[in-house]
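Common to both upcoming complexes is subunit A, partnered first by subunit B, then by subunit C.
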Partner chain A sequence: MSTTLAIETKNLGRIYKLRGSKKETRKELIALQDVSLTVERGELFGLLGPNGAGKTTLIKVLTTLLSPTSGWARVAGADVHTEPKLVRPRINMVSGGESSGYGLLTVRENLWMFSQFYGVPSKEANERIEALLEMVGMKDRMHTKSSDLSTGLRQKMNIVRGFLTDPEVLFLDEPTLGLDVGASRDVRKFIVEWLKADKTRTLLLTTHYMVEADELCDRVAIINKGRVLACDTPTALKQRLQKDVMFEIETSPLNGLTPQMMEEQPEVKKAALTEIEGGARLQLSLVEESALARVINLFTQKDVKVMNLNKRQPTLEDVFVDLVGRSMAEEESSERSQ
Partner chain B sequence: MNAVSSKYSHKDAGWRLFLKTIIARAYPRLIGQQREVSWMVFDVVMPMLAVIAYVFVYRALKAPEEYIGFVVMGGAMTAFWMNILWSMSSQLYWEKEQGNLALYIMAPNSMMAVLLGMALGGMLATALRAIAVTVLGSFMFGVKYEVTSYIQLFSVFMLAMAALYGMGMIMASAFLLFGREAWHMANLAQEPIFLASGFYFPIKSLPFWVAAGASIIPLTLGMDAMRQLIFPSGFQFGFMTVRLEILILAVMSVLFVVTAKMLLAYVEKIAVREGRITESRR
Partner chain C sequence: MQTSTSWRSFRMAAWLGWLIESNWTDPFLFTVYSIVKPLSGAAILVIMYGIITQGNFDSPLFPYIYLGNAFYIYVGAVMTGVSWAVVDDREHYKTLKYMYIAPIYIPIYLLGRGVARFITGSIAVFITIAAGVLFLKVPLHFTEIDWLLFIVTLILGVIMLALLGLLLAGVTLTVARHEGFIGEATAGALYIFSGAVFPLDILPEWIRPVGYFMPTTYWLELLRRSLVGNVAQAFPTLANFSNMEILGILLALSIFFGVISIWVFRVCDRIARERGLIDHTTNY
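Presenting the complex of A and B:
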């Protein structure tokens, strides 16, 4: 493996055997299929996909917590399945919404405890804990019991836990999940600063927030149903759709009108629907702007009122719609209903 | 310091990392005890009530005075058994539920060091409770001690603790593997073990095979040997000789700790293969 690669996977697959009643044959769930990726050292790499797409499974495999059922993966130069002891000192992971640590311990004590599991000298760990807590705006909470922290502060503590051991490769699994706008912004700012400070550090981030992936990542892999559908820089991914005209329309209830009916119209490339309160939000990708008139005409026939209409630049959400055929929200609700 | 760009001077590995992990994982137990003082009620006052009840029964029956000392000692040692049964055993299960278990497995430390840290923390914290019951009981009922061999007493206590917490480590992995089923088994075993292990009477009073069976719980032989070593006529009530009990406890200690290590390695293997063991339900 090239020394410039922090992460490399080849035809990686993971199948879960689901437990049913003893009489039933065991069902299988394909969580990852043929995933081949490379992440350079120093890169901030994003995995973008709806809930249940396989992002967390991939992170679990890369962090040695789960063995692959096919293919292989290397992190920091070592095979995650056959050489986990070489991988573990070089990595760390933080998951969104995790409740790790002990409520009776203070923030500083919890962080110190986790640093010891990586062999960090106590004095240096304590100095770094103080400095990192200051950076995330939590120095005044250093001696607060972690059970007394709000969700946002607790997540910041978890983020500090991940960075504290100074890993070569850091995995952040939905790190801003459940955080308010301000706390999410702080976390994103901190991530960027951390990466800039040392070019050998690598960060793999999973998210289903398009804006987060767009704003932070050098490259993004779009993943759905365990497969990587596309992998490139956010700009290059969006450029695929540059020739299309994108509209976002908010309407009253669609009265039986479906995205498929809109896609049947000439020069309407894709229509993705998200249910919103009191109506629907449509993402339209048109080959020609004139096709909008045909869609509006359909609305008129079905007595659908247009509440809001915006012409805009393509986003990663549009890329996802282009690749999968429906929006992430639709994909998630379809997964849930299965 | 620049927390973002500076590197650590070094990171410990090998046995230093092993020791650091033990101390770090023992820390929450020890510090938690200072911050959550409800243990004084549940782990000192409650066992004392049982001790008082047995003392009154024995005095009403005009049992030998040594029995009062046996009861106080049994009351103190109960704390260790309860710690194993309800805290140590379920610890890995709760670590999973909290999301700590995945972090422990993913870190470069040994899982055995994590488990030993839990055991050490539990043992030290419980020792304080046991001392409290002993002091209080001895003071209330005027129990007199006469140690015949401090070396043997120390050996018995340490070996009993090593074997008991080795057993606790096995149970921790078993609880994680079998979940609620293990929980029910522990619930079911609690009272019979209290009876058969002789917490409040010498096990010599039991039929030989019942006492021999109960000896699988290291506290049974530990308490029997300690009673022989600290009460003037304790040897009259001994199930086996102290030397033999020390030998059995030494074998148990090695056997349980080695089994715990093997079972933990198996649990870790299953966790990575199946993925469900580290899965928190929260």
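Presenting the complex of A and C:
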């Protein structure tokens, strides 16, 4: 393995055996399938996909919490399955959307304790805690019991816990999930600054926020149903669709009109639907701009009113639609209904 | 390096355990709880004994039961103190996965988490015995205590209980639900088969070998012998064995169960990683 690689996986797979009721036979859920990835040292690598795509499972495998069922993975040069003790001192992880931590301990105590588990000298740990809390705007809450913190502040505390040990490879699993807009912006800014400060640091970030992946990541892997569908820089991924014409249309309820009906029209490449309050939002990918008239004609036939229409540049959402055939929101609701 | 990692794991876990154990309420309430809880437990036993024996507190059976019950506090405290940390960190604080990915030794961490329960358990044992001596005439004379035997036995027993706790912790790792049941069932079984509140001779003959195989049987016997030798020897169960012989059996069984516990924990740890149970929560 090359020493410039922070993460390397080869044909990585993970199958969960699900327990049903006693009468049912055991079902299998394929969470990861043939995942082969490389992440260079110093890179901010994004895993983009809907809920249930396999992002968290991949992080669990890479952080030694879960054994793969096939293939292998190395982090910081060590095999995560056979050499977890070599991996652990060099990594850390933060999971978003959860309020972990010892509620009876203050913010400082929680953070200091974790720093001690990693062998950071106490004085240095206290200095880092102060500096990091200052950076996320929580210095005034240092002596607050973590049970008295709001969910957002608890999440910020956990983000500080991840950075505190100055890991070689940091895994952030949906770090801004549940945070308000301002806090999310602060966290993203902090992530960029942390990476800039030391070029050997590597960060793997999972998200289902397209903008987050687009704004932050050097490279993005789009993952769905446990498979990596594409992996490249956000710019290169979007360039795949550069020749297409993209429209976003907000309409009244579609009255039985489906994306498939729109895709049957000549030169309509993809149509993805998201239900919104009082109507629908459509992402249209057209080979020729003239195809828009045919879609509008369909609206007229079904008495669908156009509320808003924008022509725009391709986004990572469009890349996802192009690869999967439907929007991330559609994919998530389809997963939930199964 | 390995020593420093072990010490770091143990020291910080003990610190964390103590903060969790002692900070759940204000110091006054914590003190009241620490005194009232063991005394209540002992009072139930004393009342039952008084009714059944019609107040015969001079029988050697009374100190036998009283001391057995007092020291049995350690069994629940130390064993579940170690194993409960898995449930607490995984279900309640949702931190077990962060402990797992930290460069620490998880078994040592769990043993460290048990230290706080050992301390609170020791306070409870001391209060129970003190109450017995002061108010119930438990015949404990400081000048007659075999202190060396008492201290060696106590330390050996606590280590043995902590290792049994590790076994329970391993099983708890693989059983996402009903974890409370495992600890209670084990402590309950040991209570019956270890001669804690009645001599093993009371049990049917065919079931006594279970008690003879339990290290807690010899541990409680030696503790009684070191504190009130004549009372303990009034019961025939282990009367044919000298103190040194019982200590040898206790040591052998402790090593045996210790090795089994470490092996079981390793197997369960591997199974938990294979099944994805390290951060699995039941939400109830």
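As a convention for this text, the second predicted complex is superposed on the first by the 335 of 338 C-alpha atoms of A that agree within 3 Å, B and C clash if a C-alpha of one lies under 4 Å from a C-alpha of the other, contacts with A are read in each partner's own complex, and residues count from 1 in each chain.
Simple rule for what comes next: a contact is a pair of C-beta atoms (placed from the backbone, for glycine too) under 8 Å apart; a residue touches a chain by one contact, two chains touch by 3 or more.
Being a predicted model, the structure only gives us computed values, none of them experimental.
Enquirer: For the overlay on subunit A, clash or fit between subunit B and subunit C?
Expert: Taken together on subunit A, subunit C would clash with subunit B, as the superposition shows.
Enquirer: Let me test your reading of the model: by the given contact rule, A:R108 touches which partner, first (subunit B), second (subunit C), both or neither?
Expert: After superposition on chain A, A:R108 lies in contact with neither partner.
Enquirer: So, A:W194: does it touch subunit B (first), subunit C (second), both, or neither?
Expert: first
Enquirer: Which partner does A:K156 contact after superposing on A: first (subunit B), second (subunit C), both, neither?
Expert: So A:K156 meets neither subunit B nor subunit C here.
Enquirer: Which partner, once the models are overlaid, touches more of subunit A's residues, subunit C or subunit B?
Expert: B
Enquirer: In the superposed arrangement, which partner chain does A:K55 touch: subunit B (first), subunit C (second), both, or neither?
Expert: After superposition on chain A, A:K55 lies in contact with neither partner.
Enquirer: Which of the two partners, first being subunit B and second being subunit C, lies in contact with A:H208: first, second, both, or neither?
Expert: Neither: A:H208 stays clear of subunit B and subunit C.
Enquirer: Could you tell me if A:Q116 is touching subunit B, subunit C, both of them or neither one (first, second, both, neither)?
Expert: Both partners, subunit B and subunit C.
Enquirer: Of the residues on subunit A, which ones does subunit B touch that subunit C also touches?
Expert: In subunit A, residues 16-17, 60, 63-67, 85, 88-89, 91-93, 95, 98-102, 104-105, 109, 113-114, 116-119 are touched by subunit B and also by subunit C.
Enquirer: Which residues, counting only subunit A, touch subunit B once they are in their complex?
Expert: My answer: residues 16-17, 57, 60, 63-67, 84-85, 88-89, 91-93, 95, 98-102, 104-105, 109, 112-114, 116-121, 124, 127-128, 131-132, 134-135, 145, 165-166, 193-194, 197-198.
Enquirer: Can you list the subunit B residues touching subunit A in their complex?
Expert: 1-5, 7-13, 16-17, 20-21, 23-25, 27-28, 31-32, 35-36, 98-100, 102-109, 114, 271-275, 278, 282
Enquirer: Within the complex, which stretch of subunit C touches subunit A?
Expert: 4-5, 8-9, 12, 15-16, 19-20, 23-24, 93-95, 97-104, 270, 273-276, 278-279
Enquirer: What does subunit A use to touch subunit C in their complex?
Expert: Those in contact with subunit C are residues 16-17, 60, 63-67, 85, 88-89, 91-93, 95, 98-105, 109, 113-114, 116-119, 161.
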